[in-house]
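Think of it as A, B and C in the order they're written, each chain with its own count starting at 1.
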Amino acid sequence: MATDRNDQPPSGWCASPNAIRLRSALRLSRRNTLMGVAAGAALGGSAWADAPGTSVTPSAPLMAPDHFMALSRRLTDRPALDARIGAALLDELLKVDAKRPQQLRKLHALMEKTRPKSGSAFAREAEKADPAFRDVIREILAGWYRGVANGRVVVYRSALMFDITKDAIFPKTYAAGGPFYWTSKPPEVAPPTGTPALPPIKLVIEPT
Amino acid sequence: MSSEQTLSADVVIVGSGVAGSSIANELVRAGISVIVLEAGPRVDRQHFVENFRNLENKPSYQGPFPAVPWARHPPDQVTPNDYLHTAGPDAEAYQQVYLRMMGGTTWHWAGCAWRYLPSDFELKTRYGQGRDWALKYDDLEPFYYQAEVMMGVCGPDPAKEDLGSPRKQPYPMDALPISYAAQEFRKLIAEKTPWRVVHEPQARNTRPYDGRPTCEGHNNCMPICPIGAMYNGSYSVYHAEAAGAKFVANAVVYRIERDAANKRVTAVHYYDPEKTSHRVTGKYFVIAAHCIETAKLLLVSADEQSPDGVANSSGHVGRNMMDHTGVQVTFISGDKALWPGRGPLETNVIDNFRDGDWRNERGAYLVHMVDDNQVDLATQMAIAKGYVGRELEERIRYLAAHTVRLFSHNEALPDPENRLTLSKTKKDILGIPHPDVYYKLPEYTVKSCEHTRKVFRELIGLMHGTDEQWTPGYFPQDHPSGSTIMGVDPKDSVVDGECRTHDHDNLFIASSSVFSTVGTGNITLTVAALALRVADTLKKEFAHA
Amino acid sequence: MPEIGKLLPALLVAGTMGSGSAFAQAQAPTPLAPTPTTAVPASSPAPSPDQANDPELARGAYIATAADCVACHTASGGKPFAGGLKIATPMGDVVSTNITPDPEHGIGKYSEKDFEQAVRHGIRRDGSNLFPVMPYVSYAGMTDQDVQALYAWFMHKVEPVPVSPPEDATTLPAAMRSAMMAWNYVTTMEKPETGDSGTYDPVRRGRYLTSALEHCGTCHTPRNFMLSEKQDRFLSGASLTGWYAPNVTSSKTSGIGSWSEDDIVTYLRTGRLDGHAQAAGPMAEAVEHSLSHLTDSDLHAIATYLLQVPVMEDDLDVKPRDSFGKPQEVADIRHDVPKRIDDLTEMDGAGIYDANCAACHGHDGAGTRNHYAPSLFNNTTVGSARPDNLIMTILKGVDRTTKDGHALMPGFGATSDVERLTDTEIASLVNYLTATFGSGDHHVTAQQVADFRNAK
């Protein structure tokens, strides 16, 4: 008779199925994905956090923070990004799996070599060079824009998605408009004209 | 496992949620001693606020509430999960979530405080479906108002916007001004459809109330209001404690002891986290432990006197499980920017499908245009679509401003086959079995959901929507009800119109588990009103004793 | 008189400490079902200045408002002026008396002379001495005409209430009343003004309102060893056991000399000056019951007067209290995953701020955009060198209703429904706040917070 101990870390069962999809090229059904998480958790940790060879030591960085910042600036088309957030994101991204450190370094080298003019142009070239870069690029973008890397919250209110939208809406729990601010008219948004740089992946909206 | 200690009070209540704590508050202020046994721990708001911010999967409103091992609650609305095991054709549609801790599940409700319609109590008489309750709307009306005052409910002036449930007094607070998104939606519905959008009554402050501040629109009612502008059961716990009620945390009740005649309950027994057993005696007992846990406790208490479980001579304990199993769609509006998510989460409802002659063949429902911040979802969508850099940013902005989510609460019917039983294979660390639920959506509800899908498609068309994503199948609304169903006949029901069990004179149940039908409005206000009515009954009995 | 030293501060201060509903409610059990808070608190039947057509009665009504009689002489939820407000002191409760014109239970049998003796000299009709909870030391400055008008108004316009408040549940020794007589000889009474107070020039009118009617000095002027107000330190700030009534002299560094006349008027009328200061505790009550009902010209007179009272410098507040701090823009780098619901480990100051305060006051301390929730930098309460009012505000919250609206910040003390912070948590929070947005870490300890929590 199974007796549960409730000893799995919350990160095991709090991880969003969508997050799992974003970080993985695998397409799993919701059910299978979650079972995978549960299985991983049962083995003593989250399914992807304990990949071997991921320890980061200051003496031999798996990726130079400056390189990660340069890569991030290119992918976000932003001239400046917060270096402290960058360091915290890099810490987590390097742990995603054993191949990540090398992939990140290669992605940076590619950028140095090709000097792309925009984030989209770079993503297209990178994808052509190695389709596996898709996931790496998506992870970096999810890190900066959602504030999430390796299934963890690295920043919440400081995520770039809130910077883009701050003239219209507040991050949940940080509303600064005072009571009934919401009755006012928010800004219009022109239909976007840009095109995707990477092939789409499926995103299923979970019930909440 | 011998009882080491005996506690005693006039009334012993199991569960500290809105039902248990409000009964405790009423009784203790009438000079009746009360002990409330809560399976979960004492908690506080500040840690939940930080838990929310640290949570990766923000839409998971169980996420900020990792359970204690001795009082598990379902970790998430996913199937399978490792606590509430659902099976049957619509297993995923009954994956309810709730919270076991001081104050109960209202820590993460959206504050929607609907009264039921008079017809909801008479479904059988009026439409030949389901059952009638053993009480009428008018019996509950004064307690609805008492509950509204207790929680602090805001709502529209009935003269301007009649929600169909007759009121003797106005709402304690003025209606909440709705967001720009909701205003636009309301205009569209008024101009282009025969329907209407009404202000949702909410247990949310539109002015300072009861020492708590006005809502500031943090858009986080679920999972956690960061400022206390919304009611939750912990306030009733505090108020009852201030008046002298005793609340025992981490007290997992596992047995209901009766006298030799099996007519009166004499004590309940609980385990503390170390599995030491304690016995608590009283004159009256109220089980107010949420629909799922209440039925579980009655079944777990089976013994030689009551082999099928306590209060279960009808065999209906654990049966007739209902919910507002709904339909959900998300799409991108082609009209002007709405920016949903400014203000509280659920503020407006299309209420035209809450009642009608068609209820003789399909269930009623209500429709929410959810005012949920879509920035995170927009970001995930834009990244998934393959946008990068500047193109990603403009796409996030556009999607955040134009993503619309609709969902419905569809009415279920009590079907004895939809049943909660004790797991034969899974037990918690105290040795108490997990709950299993078999669920098949009633045909009545399926037809209702089909109608809803048709209406949603029409609304998507009106808003020039694209990229529609339907949540597959049906999804739970976390309004489980019916597991200790109310009725006049002891042969096919568990409690009578006073919420007193047919089998045991001094055992009451205060929970949505007594609902005979589930209507369409969120269930909490009706749970609170029934609880306050139980308190009133008990006060009268003590006065006459 | 061994007790008098201990007793007097309590008595002197209690008059303002307990002068309103918020304080009284803190002592009362939570109501059965929460009473919907009405826009005007049940205990604020402030006389409307224009209710009487007779000029003398109109004057009397206005004087009653300016002297804030209702605040002390009305119980929470009770009938106006019927007394019964329990004013807690460390040595027992003093219960305010019925001053309605009921002959048996109120002051119906008082002649105008009796009334004058009580108001200006602290002597009851039966000849015994009032406790100086009744600010007769200040009211001594009222003109004959105003005392007469006040008497007329009480006798004609206040509804008699034939109920006596419960007799003093006080443990105050009876001898204390006669001790007051001796004290009255040595303390400095306001000198009675003369003539028609309505015709005074702004400075004289302001002085009259400030000193005789509003009795500002009762709280804002420190006391000498005999606990009389130190007239040479007029309005230079004083502790009220709990709240601190700050320096409101014209000093540009320690006082409010850097505020304009309009700033002061706005503050007195609404209890707030956006981006600078908010009234809480006893000051919120003074604003709610009295100051917010004064005419614009009277508020200007008070401001004019305050801006020319002698400068008094403070030992601790040597820069304007609203001159400290700036928005904090720091990324919220996070290290934790959600913790189990029973993990209530105390957080550090920054964490406590984020979890309890940032939702309203902003992650950066800037408050809401419309100043509904005030900014914490450039804020007198946070910037003061004395953390007293910051600690008290966190414990008790803010509850202030004026025509400007109902300002409510929930308290975080032991009766809060929103969050109940421990002494350690509040100490960490206060030190974080003053270090981040104020004049530096004041190293407040949990014990100090406990003392404030228990202050009566």
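Convention: a contact is a pair of C-beta atoms (placed from the backbone, for glycine too) under 8 Å apart; a residue touches a chain by one contact, two chains touch by 3 or more.
Small disclaimer: the values here were computed from a predicted structure and weren't measured.
For chain A, the chain with the farthest CA centroid is C. Chain-level centrality, scored on Cα centres against the all-protein Cα centre, points to B. Taking the mean of the C-alpha atoms as each chain's centre, chain A and chain C sit 53 Å apart. Taking each chain's centre as the average of its CA atoms, chain B and chain C sit 44 Å apart.
The centroid of the Cα atoms in chain A and the matching centroid in chain B are 34 Å apart.
Looking at chain C, one finds that residues 332, 334, 337-340, 359, 368, 372-373 touch two or more other chains. Within chain A, the positions touching two or more other chains are listed as 10-11, 14, 152-153, 156-157, 173-175, 177-179, 181.
Residue positions 49, 52-56, 63, 66-68, 214, 216, 218, 226 of chain B each touch two or more of the other chains. Interface residues of chain C, counted against chain A in their complex, comprise 331-334, 337-340, 358-359, 362-363, 366-373.
Those residues of chain C lying in contact with chain B across their complex are 29-30, 32-34, 36-37, 39, 332, 334, 336-344, 347, 351-352, 354-356, 359-360, 368, 372-373, 397, 399, 406, 408-411, 415-421.
Residues of chain A that touch chain C in their complex: 9-11, 14, 82, 84-85, 88, 152-158, 173-179, 181. Those residues of chain B whose C-beta lies close enough to touch chain C in the complex are 25-26, 29, 40-56, 63-68, 101, 146, 149-150, 152, 172-173, 207-214, 216, 218, 226-228, 234-235, 238-239, 242-243. Of all residues in chain A, those touching chain B in their complex are 1-7, 10-11, 13-19, 21-22, 30-31, 34-35, 38, 74-77, 118-120, 122-123, 137-138, 141-142, 145-146, 148, 151-153, 156-157, 160-162, 164-165, 168-175, 177-208.
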